[in-house]
Amino acid sequence: MSLDFEDQIVELENRIEELIKLNAAPDVQFDTEIAELKKKVQQLIKETYGNLSPWQVVHVARHQDRPHFEDYIEGMSSEFIELHGDRCYGDDRAMICGFATIDGQKVMLIGMSKGRTTNEKIANNFGMANPEGYRKALRLMRLAERYNIPIVCLIDTPAAYPGKEAEERGQAEAIARNLTEMASIETPIIVVITGEGGSGGALGIAVGDIVMMLSFAIYSVIPPEGCAAILWRDSEKAPDAAKALKITAKELLELGVIDEIINEPPGGAHRNKETTILAVKEAILRHLKTLEHVGRKKLVNKRFEKFVKLGKFDDRKYSSH
Amino acid sequence: MAWFSKTKQRKSSIDKDELWAVCDSCKAHVYREEWEKNLKVCPKCGYHERITCQQRLQLTIDEGTFEELDSDIEISDPLKFSDAKSSYADKAADTKAKTGLNEAVLTGFGTLNGISVVIAIMDFRFFGGSLGSGTGDKILLASDYALRHKQPYIVFSASGGARMQEGIISLMQMAKTCAGISRLNKAGVPYISVLTNPTFGGVSASYAMVGDINIAEPGALIGFAGRRVIEQTIKQKLPENFQTSEYLLEHGFIDAIVERKKIKSFLHSVLQYSMRK
Amino acid sequence: MSLDFEDQIVELENRIEELIKLNAAPDVQFDTEIAELKKKVQQLIKETYGNLSPWQVVHVARHQDRPHFEDYIEGMSSEFIELHGDRCYGDDRAMICGFATIDGQKVMLIGMSKGRTTNEKIANNFGMANPEGYRKALRLMRLAERYNIPIVCLIDTPAAYPGKEAEERGQAEAIARNLTEMASIETPIIVVITGEGGSGGALGIAVGDIVMMLSFAIYSVIPPEGCAAILWRDSEKAPDAAKALKITAKELLELGVIDEIINEPPGGAHRNKETTILAVKEAILRHLKTLEHVGRKKLVNKRFEKFVKLGKFDDRKYSSH
Amino acid sequence: MAWFSKTKQRKSSIDKDELWAVCDSCKAHVYREEWEKNLKVCPKCGYHERITCQQRLQLTIDEGTFEELDSDIEISDPLKFSDAKSSYADKAADTKAKTGLNEAVLTGFGTLNGISVVIAIMDFRFFGGSLGSGTGDKILLASDYALRHKQPYIVFSASGGARMQEGIISLMQMAKTCAGISRLNKAGVPYISVLTNPTFGGVSASYAMVGDINIAEPGALIGFAGRRVIEQTIKQKLPENFQTSEYLLEHGFIDAIVERKKIKSFLHSVLQYSMRK
């Protein structure tokens, strides 16, 4: 997959690769050309990615070559022990949970998994969790609380699955229950939106003490296409909706919805997975270090205050607890 | 979460005629007076037409005991949102003028057959009962009042879901209102949720679905995603009773289905069991 | 349905009824005969029911005219508000739960419902609960704890349902979870076995502070037929198995498994529902009165001690908590 | 809960030959020495043959660190039970003589790669691993030891279910052992359940299924009711993989399936996450 606004970049990148190949032959010398093209492509990337429209960011956030949850597991942790099942109905492959060790730090790592191959995508329901996914996550968050280890949630989902059986098994209840319970979990919760933060489906594991976003991730109450179809009566107006909805990291930081932006390398996470993953890892470890010293009751109170202030009409006092 | 817009545009045939009301469900013509006396429940098919928050208040709280909370909280426009035709601010002004409401929920306290309760009543007329930041603020502030006074909290929901025009801030109201419910749970303060037609998306997936007791009116439509979205996703027709109160009860998510005229006495009965000594 | 050892009793009862009908005619007088027969039938009932074999008790316990849970609800409580659903998968009609008022006392009333008509029996799965039944019961027990009202469980079930879907949805887990959680619920739990106390299916809601049994109820780890088929290799030997298993109220009281026998009227509960129900009601109210004064922590500790001592090898000390 | 009797009678073809073992699952002939070295896991099909509690102990606890608890607890016969042919007391004496065990579970404490743990290991040879009152006592006493010493509790289950010959007293062991687990939960003491082939009835429906983490060996049969009982009830054939570890994992009840030879290191890894600071 390539993005249309990247056409020129990709063309140049291809040329460079060709020249590098040719350069290997004995009697040619393209060193100068290559160096020049490289400079040019870097300039172009900088310009393009420095000025992406919200709608272009949507495409970057959805890029299939972005690092997936599996890549983060592999890149961030020296150990990952997957734990399955909600102890009630099933084991949702769209929601992966397990013990992980990140730079010696033990955590409960939870994330959505979109899948890469067609088979994986189908098995993982394209990263759209069913109720049993949210319930598995909650079960293991409660276990983390009991074991006194922090929780890290990586979010990349188009939405909670809008299917018949998901409704039957209580998609609304499962998300609502998570929002309610996560508000009272007495262990640190760190959230990173790494790709798509799709509405309630994302929020269902995103009630954290620290919420971060990659610079080209999105977080939205509705997909821009859906919003455009309803309010513009034309899903082609998605770029307008994307702009109006304020779904990019920078806008969300300004709104106070997220606490920090984790910068992606030039040209986006799909151009350099490793650097991206290390940046995410660094940010997580940094916040874990701070949060581990906060008393548990205080932690829960601060989490409450954090979400309460979002959209708060004025400064009338909520009772502190 | 975008389900409500479709519903919002449905013109109620009920308002057209002064003498006759036409049931939106069975299309029966009913004397308006009889219908109003029956609390807008169709005497032919039992369809529960939506009612305003003032009507609901009257049906629920003892006369003369209600005191409103946070009536000054109104719409905020965190995104300065505009679509092709108009700005959210303009639409908000319109809606406020038409409905006389500041937000999609009315909150306050009073007595219910003599029991002190805190109550929040959503009104579908106001942006399809959608969950704006003002809505979330009021619902949370009322739960906080209930917490401080150790009085039961009752919420009547009616909502198409999140309020798109407030974008992510609307989504955050789900976490915020649930955080308030979480505190009630911890303190043992009763929280009863009453789901009325319709309750969807960001409201069903937050406070509406986590009542100690979830009550629903008969035939109310309740769900996460809208019927059309699901049909498009699964490329199948859905069963007729899909997402009705009765369907949800069968699937384990509703404690009891109660007719409109019996809700007050039902709440009164249930509260007898919830008053921690 | 009539029980074979009751043949003579039922014959006499029928004769009495006939005579009473005839007696209504103007020119006959059977008063003496009726009185005599009544005396005789009472004598016979006393003899028969005073000497029932365990296998005969099994038949009485399963008698379809015994009061069902619905009869107890109606006969004991001035109000019953049924509460549905496990908030996860379904609403099990074999397990009925709700708020009830018994003589002014508010309780959470939970019981198995076998159903009376064929349709009811099918809808209620003959009183055999599925996992969602146990989960519903647990949800509402936790609610009762939060609302500080006692829990009353009436038990009458052949077994937890041994079906394919029950296994898929975790019958074992659901029962195990209830046993674990009921051990820590901080509100009084009173259990009455009113008919069949069928193994794990019964125990799943039977971890109580006080466990009582009607005098012709049974409580067993396995149906006598099943035990006979395995250990005697002949299910016809069920009477022997019934005897060997010690499943009657008197034996279970001696073993310390139950705390009290609630006497049924002469001839069994199926001969006089009303009296039976009132006796159950009286016993429940009496124990509720005592238990309400026990501190919550102490209550849970005493419940622990109660179950720990069953089969306890010797007097080595468990840590008190 | 009567499933085990059928299994108990299955004669293992493995014990017949000194040089060759025959896999109970795929019927392959395997060099006995190779098979034993492979921890009685068939090198052809991966079938995990049952092992004794002593073998399991050796595979799990560091050499020389194990101290047994309550070894003096033996069978009690609360019902004075006899069937047509023999008394439970006689059978018990036989079983004790044959197995050298006093009960269906071995309990004690020791270290696992250096971590102090409390452990209970069931042995299917002893009345099909059924849950007698002595079994229940030992499992509870070991959990109590874990509670007092704040050490993780690990239980290996292998059981046909309740022990019929102890009637209702056997049933009560379910409540009793779970009461012990409940105290561990409250105190934040880790409890890991390892389910091995087979785990059914009164054991699966009590402590075995409520581990903080439930681990199972590959292909182990785990369920509430036995396959035959279910087929008789529903009058249908059941799928081939019904009640296998893999089936249970898919349905949400098992956290991880771990091969026999990796269980010790898996437990060690998991315990790293459970040690409350």
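Every chain is named by a letter (A, B, C and D) in the order it is written, and numbering of its residues begins at 1.
The rule is short, and it goes like this: a contact is a pair of C-beta atoms (placed from the backbone, for glycine too) under 8 Å apart; a residue touches a chain by one contact, two chains touch by 3 or more.
As the structure is a prediction and not an experimental result, all values here were calculated from the model.
Trainee: Going by the stated contact rule, which chains contact subunit A and subunit B alike?
Mentor: Touches both subunit A and subunit B: C.
Trainee: Need the graph distance between subunit A and subunit C over the touch network, please.
Mentor: The least step count works out to 1.
Trainee: Please flag the chain sitting at the greatest distance from subunit C, going by CA centroids.
Mentor: Farthest chain from subunit C, going by C-alpha centroids: A.
Trainee: CA centre of subunit B versus CA centre of subunit D: separation in Å?
Mentor: 52
Trainee: Once you find the CA centre of subunit C and the CA centre of subunit D, what distance in Å lies between them?
Mentor: 32
Trainee: Quick one: report the Å distance separating subunit B from subunit C, using the average Cα coordinate of each chain.
Mentor: Taking the average C-alpha coordinate of subunit B and of subunit C, the gap between them is 42 Å.
Trainee: Which residue numbers or ranges of subunit A touch two or more of the other chains?
Mentor: As it turns out, subunit A has residues touching two or more other chains at 87-89, 169-170, 173, 177.
Trainee: Among the residues of subunit D, which are close enough to touch at least two other chains?
Mentor: Only 185, 251-253 qualify.
Trainee: Work through the pairs of chains, note which ones touch, and then classify the graph as line, ring, star, complete or other.
Mentor: Basically it's none of the tidy shapes, so other.
Trainee: For each chain, which other chains does it touch, given as pairs?
Mentor: Every pair of chains meeting the touch criterion: A-B, A-C, A-D, B-C, C-D.
Trainee: Mind listing the subunit B positions that touch subunit A in their complex?
Mentor: Spelled out, the residues of subunit B in touch with subunit A are 1-2, 5, 70, 73-74, 76, 78-79, 81-84, 132-134, 136-137, 140-141, 144, 147-148, 162, 164-176, 178-179, 181-183, 185-186, 201-202, 204-210, 222-225, 229-230, 233-234, 236, 238, 242-243, 251-253.
Trainee: So in the complex, the part of subunit C that touches subunit A is made up of which residues?
Mentor: 87-89, 135, 169-170, 173, 177
Trainee: Under the touch definition given earlier, write down the residues of subunit C that touch subunit B in their complex.
Mentor: Per the stated touch rule, the residues are 79, 81-91, 99, 101, 106, 108, 132, 136, 143, 146-149.
Trainee: Residues of subunit D touching subunit A in their complex?
Mentor: For subunit D paired with subunit A, touching residues are 185, 188, 190, 212-213, 249-256, 266, 269-270, 272-277.
Trainee: So in the complex, the part of subunit A that touches subunit B is made up of which residues?
Mentor: Residue positions touching the partner: 160-164, 166-173, 175-177, 179-184, 199-200, 203-204, 206-207, 219-222, 226-227, 229-233, 237, 240-241, 244-247, 252, 255, 257, 303-304, 307-308, 310-314, 316, 318-319, 321.
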